[in-house]
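The next part holds the structures, each set out as structure tokens.
After this come two complexes, each holding chain A, first together with chain B and then together with chain C.
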Partner chain A sequence: MTREMIIEKLRNIFKMVNGNDNIEVDEATDLRTGLGLNSIGMLYMIIAIEENFGVRFENVSMGDFNTVSDVINYIEEQKK
Partner chain B sequence: MSSKNEKKKNKGKKYRTFSIKRLFYDFVKWTGVIPMAIFFRMKIFRIGKKEKFKGAIMMSNHIGMLDPIVIQFVYPFRRLWCLAMKELFRSPLLTAFLKGVNCIPVDRQNVTIDMYHSVADVLSSGKIVAMFPEGQINFDKEAEIKNFKGGAALFAILNKVPVIPVYIVKKTKKLERQKIIVGELIHLENVCGRTPTLADLEVISEHLHQKEKELEQYYLKNIKREKTNANQG
Partner chain C sequence: MQIKANLLEERFTSKETAQKMKKFSCISEMADHIFEEYKEKIALVDNGIEYTYSDIEKKVGAIRNALNENGIKEGDKVGIFYPNSADFVIAAMAVTSYGAVVVALPYHLDEKTLYGCTLKFQISALIYDSMSEEKVELAYKLNSNLKKILSDKIADGFAPSNKVSPDAPCAIVFTAGTTGQSKGALLSHKAILAGTMNGCMGFRDYDVFGQRYFLVLPLTHIFGYVRNMMTALYTGSSMYICRDTKNMFREIPTYNPTIMIMVPALAEMALGLTKMLGTKILGNSLKHIVAGAAVVAPRLAKEYNKLGVTLLAGYGLTESANLVTGNPDTLENPTSVGFLYPNQEIKVVDGELWLKGDNVFTEYYNDPEETAKSFEDGYFKTGDLVKFDDNGYMYIVGRIKDIIVLSSGENVAPEELESKFREIDCVRDCLIYKGTNESGNEALIFEMTPRMDVIKELGIEDVGAYCTQKVTEVNNTLLNYQKVSKIIIRTEDFERTPSMKIKRPKNIL
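And then the complex of A and B:
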């Protein structure tokens, strides 16, 4: 799975979590300031990613992810 | 045939009063019953229709350090898991004790996904997880129930389990009986039928907050007033 494919899937997840179809997402987007995710929002996002990508996040906290790029890196590592 | 198999499967998962795995929890709980019966003299008021359920989230207001023990008596023959702040797990001995009595650590500043996995595992095995959605103890006896954080709503809706609303009455006298009001099960799929957005979670949390307030109002209008009238009479 390429980074572009991952970010496309992530876009759909962010739209679902935020309930906003016009959301602008790229790798540099900050999860807190750019997408307005609080700790519950971050948790919800990770649960949605687990379901959509079939990966399991372990030993990670919400502070480990700052930008969309961090999330993509983690998914890529898990998918290897 | 399939229903027979299902019945067999469910029979195996039935609650067992005695479990070696949960021996420490049961020991602490049942030895704690005697002092709790003497000092708290629990009185539980159940409102509305009774429903059977497996996994559920029990939400309660948080008025003191002993609340996790007090709410164990709402369903005395079921084991309860409780979310506890990470700061309490400060030594290996305390950690072993708290984990032994079914506490799941929560880092409130930096939420971990492992905590969610632990809660989801407990709920999927048909157990009850107790949460205090106010987020901290509300020591002020006159204060209203604080706004709820979104965790309880998120966990309940994603794991498709009902919420049991519980209101612990603030005692005004030391020797007064500890009253607990237990409301009807709240099925969140009736509140939000679709995959929730963050805004929906806020609405659901507010709904749960309102339900908790309704229990408080029920206590003030029915139980407290009756008692006052009886004393005046």
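And then the complex of A and C:
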């Protein structure tokens, strides 16, 4: 799965988590200041990613993820 | 406006529930009763292990014995330091049924703050397990009077419970903040027990005894401690402890809870996930969700109703030991926070809700100034602006105190956070408040005025980009729920009070 394919899938997740279809997401987007995710929004994102990508977030904290790029890197790493 | 709610419990509970409800004068009375009455029933499920009420009693007795052997006396403060676990429940019941005062220490505290808390709350002993040894090391090094009780290494033994007066101090629960400066509300035995009984209110068509609870809220939060843990034990129910919230929707269908206590943001998230993953993620037995600790969007109750789940919205604070109002299951008015529960008195003064009752806290521990500011005429001034309709339903319309209550139920002390941002070289002044982001979702907003002298000296051209980068760096060091999600760089100064303080916006809910 390419980074572009991952981000496309993530866009749909962020739309759902954010309750907004018009959000703009690129790799540099900050999860909190760009997408407005609070602690429960982050949890929502992680559960949705686990279900949609078949990966598990183990031994990591939500504080480890600041931008969309951090999330993509983690998914790529888990998919290896 | 003044209302006295001394109505019979029957108005708020089913007949079956009212018949089973017992009034206890202290936690030891309640503990002795539940351990005898529900002996072989499952009390807790944690990490794949089931604990009956008898199992809990043995472990509680062993910790009481350890407290005794360490010379802990009635009224001494004992910190408990665990993540959500059976160990937390056992330690809390042991300390309070022994007659000591439990200090529920949030597990995310770092070692310095933990040490600060042992001083501020005059903690005589800490109970924890081997997993947390590193985190408590500093406290022991610097506070030589502190006694150490490692719950996974204590000797066999059993000490009985000790009866204390209903007014005796029982628990200290944090109200907000994560530093040693945060306030700890001291609640008496009668306050905790009144809050525990309030957990039975609202179910007019349903027996709340013998339920299956699923715990996701932190046990150090009043809603987790009293509404979830204490009410579950009081009603002889069983409680599944979810150790990692990201696994909750995998674990719910295996346990099939009947009641869940949630903060609104979690209830909202669960609803969103049912649309993606199906309603199976809520299990097949869920009947009620009790939502409080923050404002509940009215549409949530309607949406859950379609799934056959009744969502009961209510209102309460740490200082009131649990919900004090709630919507009964037969008379929902989801735009309101329901009726005032029995055995309380309230006053509405200039729109602010004042509370009086057994459930109201005694003081902010070791903080006479804040305590004095919070009480008047025997009432606790909640800081919440309310209104009532002709049918007696209460509505929250705003907040006049500075503590921000998020929909996640977490409380943020803005001044504490602002002081961290003020350390940035380019920040002259700043303000944090609750608002909405571009998507219309709840957000912590950060506004600042830049120090143009510093900006000039550094030769910075793009003021906004530089300030945003610096603010983001500090933001990334904060706990997740404290992070701001919108940054505004002001070109004009803040609006100020006559004493030149920044005028803080009312946090409209």
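As a convention for this text, the second predicted complex is superposed on the first by the 80 of 80 C-alpha atoms of A that agree within 3 Å, B and C clash if a C-alpha of one lies under 4 Å from a C-alpha of the other, contacts with A are read in each partner's own complex, and residues count from 1 in each chain.
Keep this in mind: a contact is a pair of C-beta atoms (placed from the backbone, for glycine too) under 8 Å apart; a residue touches a chain by one contact, two chains touch by 3 or more.
If you're wondering where the values come from, they're calculated on a predicted model, not measured in any experiment.
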**Message:** Quick check for you: in the superposed arrangement, does A:17 touch first (chain B), second (chain C), both or neither?
**Reply:** both
**Asked** Given the touch rule stated above, what does A:1 touch, chain B (first), chain C (second), both, or neither?
**Response** neither
**Request:** Return first, second, both or neither, reflecting whether A:30 touches chain B, chain C, both chains, or no partner chain.
**Result:** second
**Request:** Figure out whether A:47 sits in contact with chain B (first) or chain C (second), or with both, or with neither.
**Result:** both
**Message:** Looking at A:59 after the superposition, I want to know if it touches chain B, chain C, both of them or none. Which is it: first, second, both, neither?
**Reply:** first
**Request:** Determine where on chain A the residues touched by chain B overlap those touched by chain C, and list them.
**Result:** 16-19, 37-44, 46-47, 50, 57, 62-63
**Request:** In the complex, go through chain B and note every residue touching chain A.
**Result:** 107, 110-114, 116-117, 149-151, 154, 158, 195, 197-201
**Fill in**
Within their complex, chain A touches chain C through residues 16-20, 23, 30, 32-33, 35-44, 46-48, 50-51, 57, 62-63, 66
**Complete:** The residues of chain C that touch chain A in their complex are 245-246, 249, 263, 265-266, 268-269, 272-273, 275-277, 406-408, 410, 437-444, 468, 472, 475-476, 479-481, 483-487
**Interfacial residue positions of chain A with respect to chain B in the complex** = 16-19, 37-44, 46-47, 50, 56-63
